[in-house]
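Just below sit the structures, each encoded as structure tokens.
The same chain A turns up in both complexes below, where it pairs with chain B and then with chain C.
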Partner chain A sequence: MTRTRTPGISRRSTLALMGAGAMTFAAPWVARAQAKTIKIGMPTILSGRVAQLGTSSRNAVMLEVEKVNAAGGLAGRQIEMVIRDSKGQPQEAARVARELVNTDGCELLIDAEASSGAFAVHEVARDLGVFCIHTNSETSALTADPKQHIPNAFRTARQGVHDSIVGGSYAAAIAKAKGLKKWATCSPDYAYGRDTTAEFTLYLKRFAPEVEIISESWPKLFQPDYTEVVTKILQAKPQALYSCLWGGDLTSYIDQANIYAMFGQMEVFAVNMADYTALTVVKNLPKGIHSGNRYIKTFPATPENAAWGDAYKAKYNEYPTNWSWENATAIMLMAEAAKKANSADGKKIAEALKGLTIKCPFGADGTVTMRGDDHTLVGYAIGWGTTIPQEPYVPEVKAGDWKTIFELEAEWKKSKGYT
Partner chain B sequence: MTELEAGRAQTLVPARGGTALRRYRDVLIALIAFAVLASLPLFTGSKALLDFVIRCSAYGLFATSLNLLVGYTGLTSFGHGMFFGLGAYSFGLIMQKLGVPIPIAFVATLAITAMVAAVIGAICVRLKEIYFAFVTLAFQMLIHSTILSWASFTGGDQGLRGGIPRPAFLGIDLSNHVHLYVTSCALLILGLLAMRQIAQSPFGYTLRMIRDNAARASFLGIDVWRAKLTVFVLAALFASMGGMVMALFVSGAYPEFAYWTISGEAIFINMLGGVSTFLGPMVGTVLLLLLNDTVTRFTEYHGIVLGVVILFFALGLRKGLLDFVAEWYAYRRDAGEGR
Partner chain C sequence: MDLDALAGCLASSACLVTQTTSGLIIGMLLFLVAVGLTLIFGVLKVVNFSHGAFYMFGAYFAMTAYQLTGSFALAMLAGAAGTAILGLIFERVFMSRVYGADVLMQLLVCYAFVLIFDDVVRIIWGPEFKAMGMPSAFQVMPLFIAGGVVPPYYLLLIGVALVAAIVLGIGLSRSRIGKVIRAAANNPGMVSALGINTGLIYGGVFALGGMLAGLAGALAAPVRSLTPGMGFSVLIESFIVTVIGGMGSILGALIGALLLGLIRSFGSLGFPLFTEGLMYLFMVIVLVSKPTGLFGKEAA
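For the complex of A and B:
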């Protein structure tokens, strides 16, 4: 067969190429269209097992950004959020953060990454000198370790050591009152689980020296079956159990432990229980589980907090998470700092943010403060209470005392060689 | 030189020049490629483009080194990422704990990788096909678990924190973005050139023979085990280089670098680019990173898009892109010659 013509690039390919070319040239124009707005970049996890971290962070940020924009923006500049998925991979988090600053022209960063991703973005902030607020990493070292300290990075997430101090003192009081001496622990086998459990038991023993840990279980993160863990704990016959399982792990654990009627046999302290992601998902929420507050609209019991929780629910048809309040607080603080500095410039915001106290629905006394010396949030609502199976789930929360927290935190920092 | 010798030399010169040109063709291409890459910052101020090339260097070295095993030797390793992670961690830890000059840390990391790879390889390369694949995967998980559990040394699942110090050496300051970029390009080109030399050497052809018929190679007097082990260690060295470039880029090392997904990405890159040409994995790297970077800009449902692309390559082309292009080119040439 002889061909009459040599086939070149087909019409379809030509059209596709032209389309791709047009997109390439159009993209920078679209990006440049709104120069007066200020872009805030936000790398976070929007896919995979912990996608809820990203979506509930994004929801809260958008809720607050709308308010700020309606009130005139960040020092007169409308905020435009550029939110991008890092898939929970630190190298992607670093890449996305750099791309947001270098290509998309973001002048400020909200780092809504978890654990290792937050440290990767922290290095980008160090490298580029861009203003950055970490909103989801609770790892104490991120701000407590002076090696990590840079002038342009802050944290509005709760801090692991704060939770442990409050949890330890609360649990010790109950241990003394009820004579709980034999304790078991059951926490996920990764840095957060190990560190938080170690710190909790440290403070528990400090306030109640007679306590003894008789059994430790370390299920894998995202483990589907907890039978062996549950039976191991039941065999050890402890009087109380501590767990920092969270999210889906905690709910599966409770559902499976319910089969063995575990919750009638011991006092359970699950620091991450009082979060709607766990409370609303558990099939039969046992009565009387002790939990730290993650986010709950009834604590602090103020109209502002309830209104914020309801507004979020009305807009997104689900309750906010712990990550939501942490991210909302970041926007609130940035807006106040920009107002104080009368500028949306990262350096000036950073300067104004140091030691800044603002009115905030999530504050223990209606305010939160960005501590000046280590750039981390203090004064947020922190407390423990017991669950009931229906709303409001945790009717009474006993607030932690920030004076005690500060004292013990300073001591802890010294013991770690941070000060 | 006698007259006779001079005359002979004259006749030999053109021929020698021809082979020399052929012999040094790869070096020439490498030099040109390096010149083009290194001069990029002069023409563009786009940091994103430089970042892209740095990441291409890291993944390119890693994926091409895997191709030495997969494409040339027929050893499908599922655990090649362990050497990527090992490189990143060794380099990061040496720099953080010892504070030695960067070139020393670089060489020391290669030495550590070689030792680890020799031990792991000695166990693995005895096995074939799926057994080889799974034992390499098992070793990778072992290294990954070690990184996670040895938290006091490696930082556990939070990774190496606090940044990797980069003292300047020989006038090169790797905390400067352009310096880091040029250094990454240099490492990439040198690495590729070295791997090309390996692939084109008699040893490289021995590997191809082992891939096609190991029994025959054995009967011809080749120590198959030794050849496989050698290439396993060599491939590990280049993967480790890739890991070091990545560690420098993110200024840290994270357990994800040693997780099985990173090996999966390298295999995917090889599938995308093709394993029958030397530059296939490099093309695959550029494709995957380009795809990843553009798709994540527009949607968080990147998994769907990547899945469709995999399907397209697996079911549509049935080979990597460069394989497809090479075959198409050969077909066109043959058609042109009227064959």
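For the complex of A and C:
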């Protein structure tokens, strides 16, 4: 005989309903008790191919928020982070950002999106007037283009044009010393790959006019196999190769180029190599690849930077990424600005943030500055060096000179019609 | 377009050797995935959209076995055997339930498993990309044949795939099991009436298809980065191969895969911005001139 369930509401679901009812009535009381907290919304990429970067952004933010809260919060208000996944889709990033402000009651935004999403969130910030820090988009136009300028948005990411100036002058010095005239490029075929490669070669040729680009390859983003690109470059016989492939694409490329012994035949400049996500994954990292710094705990070579990298590793059991330091810097700047303004109000923080210089483990001279006129971070550690297959991976990084960067950046802005 | 580069390459033996082997490598890995796809379609009449997942699992199994044992041979074995077992279970537990259903239903089940398998990989191995690393035995200088560069590992890779192709071709046309499989593809009802367990054949064919894709993944693991979802791009190219070669034809899969590999390697010289497009263009030409594919049979 089988037992049939009697119709109607069971005892168990009645209890559940009563519980839910009690919660509903209790909720306003909980909310009142927490009224002193300030919610900061953060759309970022927590799923898909670049989830690792989004997760590392969240980790870095949480690490810094804990410190701020322990020290009394943002102008006396405890920070509560509301972090949502945008799946790396711009329209989703914009929707999430809007929802965080309108529905969740977030008073400030940290936009931890890649460039495509950052421009979408920027429009939301323009529309709602909410305070917003872009932490990951390196596309220069986001802050350099005056059409994008709004008083409530800032950027704490490195900027593409800064990277290109430093990379171009570093590569040109080596090209001159070693007589590298014939160059090839190999970069992913989308906006970031095209723009970054164009800017790099622009400055390379400016500092070393005898350089000639004899071969260009544009593999697809996330292409699994690069064999035909590798052999094509071998046929062209360049003396040096530039690439801004990144992440898994870069490690695939290195493994596939390695068995053709490519790295013995030319100098390789891979701007995204010196990031722990790639360095710790590649099993047979060739010696002597030139790379820009992304995040590395040995540059700047200060106890503060090493301590920050170690604290992150101790907490999350992996090294920070390029996105980690950029997000941590955002929280550090916000905390200082709130202290200066003595308020957690977005408008007042924005006002205090303009031109603010703070002590920071990622600064070239131990400080970073939020530049007042275009709301972008300057003075961060930026440099190039060569790899070795084990820690510290890039033993010596040659620091870029910020005076030169400022001069050439101003010139570049003029050439683009931005100033 | 850079036709000078292409012409220059065709005139030099060094370039010809390098680009041809590079085409063969791409083609042979593609063949291993595509042949499983075409075999499963030929016998089971199912388009297995989740086939790329076996390629992915093959790579991950190989990497794990290599990390545990340090043996390259065991890594290849783990990739192939692991995916064969997975294929068998997948077919018996899930796919066998939708043979009678319409194509849309089969497609939905397969697509669901594309997502599920990707998440399983994410849960077990993590969302970040991984690399297996080249075994030290193959970390040697490449060979120079007629001035062209050929890495020894790629010779092994081409050899393994070629052996698989020959064994498969002969096995299906000459052996008793091969004949039964072909009979089951033609008339499953009759084969079943003769007292042969068709369920076993179906499971076996699916396991074989999974194993070949797994082997491709294992062979690719030392040179390609491993990520959840890595099977998808391979799957799309495998579909192009089967469409060009003809659905259900093993010889077609081999020729189609090699042609595609060569189009990529020589296309990247002559048409650097249109290499992907060339593959699709070639597919369109084949479809227009011979809608069943190069070696496909006319529909009954």
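Rule of thumb we're sticking to: the second predicted complex is superposed on the first by the 386 of 419 C-alpha atoms of A that agree within 3 Å, B and C clash if a C-alpha of one lies under 4 Å from a C-alpha of the other, contacts with A are read in each partner's own complex, and residues count from 1 in each chain.
One rule holds in what follows: contacts are C-beta pairs under 8 Å (C-beta built on N, C-alpha and C of every residue); 3 or more make two chains touch, one makes a residue touch a chain.
Small disclaimer: the values here were computed from a predicted structure and weren't measured.
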Chain C versus chain B on the shared chain A, clash or fit after superposition: fit
Which superposed partner A:Arg49 touches (first chain B, second chain C, both, neither): second
First (chain B), second (chain C), both or neither touched by A:Lys232: second
Which superposed partner A:Phe222 touches (first chain B, second chain C, both, neither): second
Touching partner for A:Asn272 - first (chain B), second (chain C), both, neither: neither
First (chain B), second (chain C), both or neither touched by A:Asn258: second
Chain B versus chain C as contact partner of A:Pro90, first or second or both or neither: first
Partner chain(s) touched by A:Thr135 [first = chain B, second = chain C, both, neither]: neither
Lowest inter-chain C-alpha distance for chain C and chain B in the superposed arrangement, angstrom: 6
Residues on chain A lying within both footprints (that of chain B and that of chain C): 47
Of all residues in chain A, those that touch chain B in their complex: 46-47, 54, 84-85, 87, 89-92, 94-96, 98-99, 102-103, 115-116, 119-120, 123, 126-127, 139, 141, 145, 147-148, 190-191, 194
Residue ranges of chain A touching chain C (in the complex, touch as defined): 47, 49, 51-52, 55, 216-218, 220, 222-225, 227-232, 234-235, 247-249, 251-252, 255-256, 258-261, 277, 281-284
Chain A-facing residues of chain C, complex: 5, 9, 15, 18-19, 22-23, 25-26, 29, 127-134, 138-139, 141-142, 149, 151, 153-154, 220, 222-225, 227, 229-230, 233-234, 264-265, 267-269, 272-273, 275-276
Residues on chain B engaged by chain A in the complex (per definition of touch): 46-48, 51, 55, 148, 151, 156-159, 161-163, 175, 246, 249-252, 254-257, 293, 296-297, 300-303
